[in-house]
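Everything below concerns the one structure shown next.
Lettered A, B, C and D in written order, each chain numbered from 1.
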Amino acid sequence: MSPSSGSDDAAAVYTYLGPAGTFTEAALLRIPGAADAERVPSTSVNSALEKVRSGGVTAAMVPIENSVEGGVSATLDAIATGGALQIVAEVLVPITFVLVVRDGITELGQIRTVATHGHAWAQCRGWAEENIPRAEFVPASSTAAGALSLLEPDAAYDASICSPLVAEENPLAVLRSGIEDNAGAVTRFVLVGRPGSLPPATGSDKTTVVIPLPEDHPGALMEILEQFAARGVNLSRIESRPTGQKMGDYFFSVDAHGHVDEARMADALAGLHRISPAIRFLGSYPSAEQSEVSRPSVARHNTDEAFAQAHAWVRGLRGGS
Amino acid sequence: MSPSSGSDDAAAVYTYLGPAGTFTEAALLRIPGAADAERVPSTSVNSALEKVRSGGVTAAMVPIENSVEGGVSATLDAIATGGALQIVAEVLVPITFVLVVRDGITELGQIRTVATHGHAWAQCRGWAEENIPRAEFVPASSTAAGALSLLEPDAAYDASICSPLVAEENPLAVLRSGIEDNAGAVTRFVLVGRPGSLPPATGSDKTTVVIPLPEDHPGALMEILEQFAARGVNLSRIESRPTGQKMGDYFFSVDAHGHVDEARMADALAGLHRISPAIRFLGSYPSAEQSEVSRPSVARHNTDEAFAQAHAWVRGLRGGS
Amino acid sequence: MSPSSGSDDAAAVYTYLGPAGTFTEAALLRIPGAADAERVPSTSVNSALEKVRSGGVTAAMVPIENSVEGGVSATLDAIATGGALQIVAEVLVPITFVLVVRDGITELGQIRTVATHGHAWAQCRGWAEENIPRAEFVPASSTAAGALSLLEPDAAYDASICSPLVAEENPLAVLRSGIEDNAGAVTRFVLVGRPGSLPPATGSDKTTVVIPLPEDHPGALMEILEQFAARGVNLSRIESRPTGQKMGDYFFSVDAHGHVDEARMADALAGLHRISPAIRFLGSYPSAEQSEVSRPSVARHNTDEAFAQAHAWVRGLRGGS
Amino acid sequence: MSPSSGSDDAAAVYTYLGPAGTFTEAALLRIPGAADAERVPSTSVNSALEKVRSGGVTAAMVPIENSVEGGVSATLDAIATGGALQIVAEVLVPITFVLVVRDGITELGQIRTVATHGHAWAQCRGWAEENIPRAEFVPASSTAAGALSLLEPDAAYDASICSPLVAEENPLAVLRSGIEDNAGAVTRFVLVGRPGSLPPATGSDKTTVVIPLPEDHPGALMEILEQFAARGVNLSRIESRPTGQKMGDYFFSVDAHGHVDEARMADALAGLHRISPAIRFLGSYPSAEQSEVSRPSVARHNTDEAFAQAHAWVRGLRGGS
């Protein structure tokens, strides 16, 4: 088994942006085998990734887009630099919140304080203003930490907003559920391991790369994107991120549909490497959506067969007849 | 005076992502006239922008890139939807931290707890692990809130990490300064008003737009970027953001060098409007960097003069001889 | 009446690449009113166009693509330089040949010499090799000149290959018709006048321009073509032509689908003028094919309405609200 | 020795667009070894190329750009279809004309008739109008044929315009030389053989391809050109040519700077093959200009080394670590 995929190894050890009960742990539990594996919470994305780099764990689950617990920019930056890492899976988790209360609280009107993570508070703000207008927000380091504080003997706060998971796994009283303002929101998480053998192509995959902008001139980004577009490769996410070295120095963090084992993606990556040799490959892995719809439609001229025929033709030209 | 610029109006009222003493207030104080104007803190980016929309304040200062206090994604999303807003200025603030302590603490070795915002903690983590390894992080809703809690009679925590501003404006004891891990980091803030007259072009300006992706096909993003590249307009930031309506539905948030009063930018925006008519213009405003270096070099064929000559030529063709 | 269209003016005088009876005259006769107008043959494309420039005639009909009588490159070069000219109409003429013979010849087997233009000979060569293998080709300055030489008292040659028109208009004996090797071939001719008011847009038009290549670098041609492609304008012909000034100095001669009175074409031409200010506009005129099929399909974002809305939006941004 | 290069083989047999003494023969004589080889004139480009296809000759010299004798479109079309052929060399010949006269003519004023090819007449027309205004043009099938007719016992014409070569090789009286209107004009010729081993890359080479337009939509040509531009490959000639099958069906005839043995050209050709699998390769051969100036400057990211590194990197990604 590949040490990087870590998905069905009895001995695999996982870490995640903790504590237990966060949406990130919920994401990890979706990985086959993870429920029975050892799971170690980390207090930050950086420390989770460091555990992977040092070999202390097999892989780390971290949020990468739209997270309730924060850490998205941190994740993008942390995997873009430092020791090489590889994304081996992505997981989508529907974001839905429950309101849990301490012993003694039975009605909304009794709630004066709500301890939760700032991002969770932001996502339930509308509900809170309407239903518990007099409640004060108290920041917690995570939704789980806020919720668990209600179980302490002399709980300092009345209520908390957290994931259904933490409520299920602990003796917490749920007063309301589905209190998020934007029903249907999901957060994207990725499982990050050390570089190793790639998950096989499924036909509906993503490839993540980090591309330092070679030069800050009009069209530099265009040249990068042309490498994808010229091979019919669609992007699902692009972000410019400051390198932190000097203002105006950027890299691009990109998710593209396809797998490096597919010719069109391999050709696009080769083109990118030519114009930005410091490009960092962060993995090809199955898309979280494995429906027919998510399967990219590949025009005939971008199929593996078209690439193979084209290269055979050029080899023939070079060899003479 | 323009109601949107709000920069030198005696009656201008400002809000900012508070509380007082945050880096966001430091950014606001850089706006001419703001130091003497009424300044109202807001508890979230959304509530700050709502105060602008409702007319309660003249303008709001909010972080837009790399913020210590969080709120960057929140800002991008908040100005992309809802009532129309306009960015009228941008400000860069160097991010540097001080360690402040409660009464009675005089040495690092005494510190057991540090109350601060999670983003600030992340940016000083290396320093903390080395210098106060036994100190525990306690989340606060902002760096200023954490620091001010040290002034309470029975301060619950020993120390806080905050901006130099909050330390200066309050009777806080600074034990160490410059404790950030990454010296030289800056955060970008924007002053947001209601749509109104534009700040005049300075030759070194930025224009911010939000562009819904018209169709999710390879090259859709390329078509958008070609509109900029074809007129020699460089981008300084691009981010794809999920619309939140359905997975795979994106918009692009873009900062481009130039002012809508310049022909090349106006032409690029017209091209964008054709392919994505729901494009939202968020303002043209002076770049925070006003050096010669920041002034974009404009090729002859992208000057206002070249555009004027080209349009005059076409008008001549249409009008006959 | 416009001096340049010359299509229905009783006083219009036309010239054409002669002599009478050539395919070029056949093309001219397709122009409404030309049959009753004065028609002056010219001995070369250059002299025909000079008559237009000097005001001696209203317009000249000359071949521009695939001509039997030659002159295509000559035409492209002649209208690309010198005094300004304007194409006001295009005409497609099916190219079909007849074999005419001198008095006394009644069978193919008698034919020893065939006087015709070299281009006509080339297009009937297969037929000739099969049917009159012993006949020798004698070059004539035009198909009509070759044919008319058969009417002279002591005709030096036995036969000629010419247009049906010259056979109809003269007492020439047609021995065979439809002898062209490639049935269905057509030649494209253009009617060239002085710059003046444009023929109105019909919805199925062409625009011809001559574009000096601004710089010989990879992508210079791309930049030119992007101006068309970015507005959904299709090309029906493109040719690089040496300027004749120094080797490697090129201009492009281009036919594009659309009319300068359409916004997408006007915008493309303005873009071209910016990058190659010496661009020469040679007219917008109805396509010879006026079928539903020839009508270019215009995507919503390239319609006049989309352009109008885009420009109105940008004007609104500049004016403030 | 390669049967296709035919440049220094004692047994090589050449044909050319004749008769002897034309500029095309002058071009052939520039090929090393051709002066001593058997040279067979052909009466048309098509028949010259057929001799190559059938194996009757080693190679054929034919005009391809700006020819005095005509045949340029014929050449483009003839090598684009039918049995496969390969260009193995190109030659530039300065086009300069001499006026030769029949016995008995000693002054310009005596000249009443000038027998020459129509293209030659066109290129000396200005000189003729000024210096022999009363002389009549008589078409000849080639410049050489016109000139040689002056040597017949009862020469029918007074003078001819021809190449210096035919005057040198025959007892022709030269009355004036350098009579061309456009001093410095050159014609480009190509030596065409059967497909075989390629001439080695010299660093200043050309590659010729014929590319059927895959689909007639805006941007189809752009997609083709992007394949070149994306690899920094410059074009020196492009022409759209009707396929002759139906109106609006085009192919592109393209000369590009570089050799298929160079990675950037091979990659561009592979890209072209994907989008237009019926592409026809017509050879990589040394540029006629072998100066430093003609050597294309290749950006670092388009060098063979950059391609090799990029492909090695992708292979590494696919193989795992």
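To be clear about the criterion, a residue touches a chain if its C-beta (ideal position, glycine included) is under 8 Å from a C-beta of that chain, and two chains touch if they have at least 3 such contacts.
Everything numeric here is computed off the predicted structure, so don't read it as measured data.
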| item | value |
| --- | --- |
| Length of the shortest touching-chain route, subunit B through to subunit D | 2 |
| Same vs different contact residues, subunit B with subunit C, by half of numbers used | same |
| Whole-Å gap between the CA centroids of subunit C and subunit D | 24 |
| Distance between the centres, which are taken as Cα means, of subunit D and subunit A, whole angstrom | 59 |
| Junction residues of subunit B - those touching two or more other chains | 226 |
| Interchain contacts, given as pairs of chains that touch | A-B, A-D, B-C, C-D |
| Contact footprint of subunit D on subunit C as seen in their complex | 43-44, 46, 65-66, 70, 72-74, 92, 118-119, 122, 125, 137-141, 182, 184-186, 216-219, 221-222, 225-226, 228-229, 232-240, 242, 244, 246-248, 250, 289 |
| Subunit D - residues contacting subunit A, complex | 2, 195-198, 226-227, 230, 260-261, 266, 269-271, 273-275, 277, 281, 301-302, 306-307, 309-311, 313-314, 317-318, 320-321 |
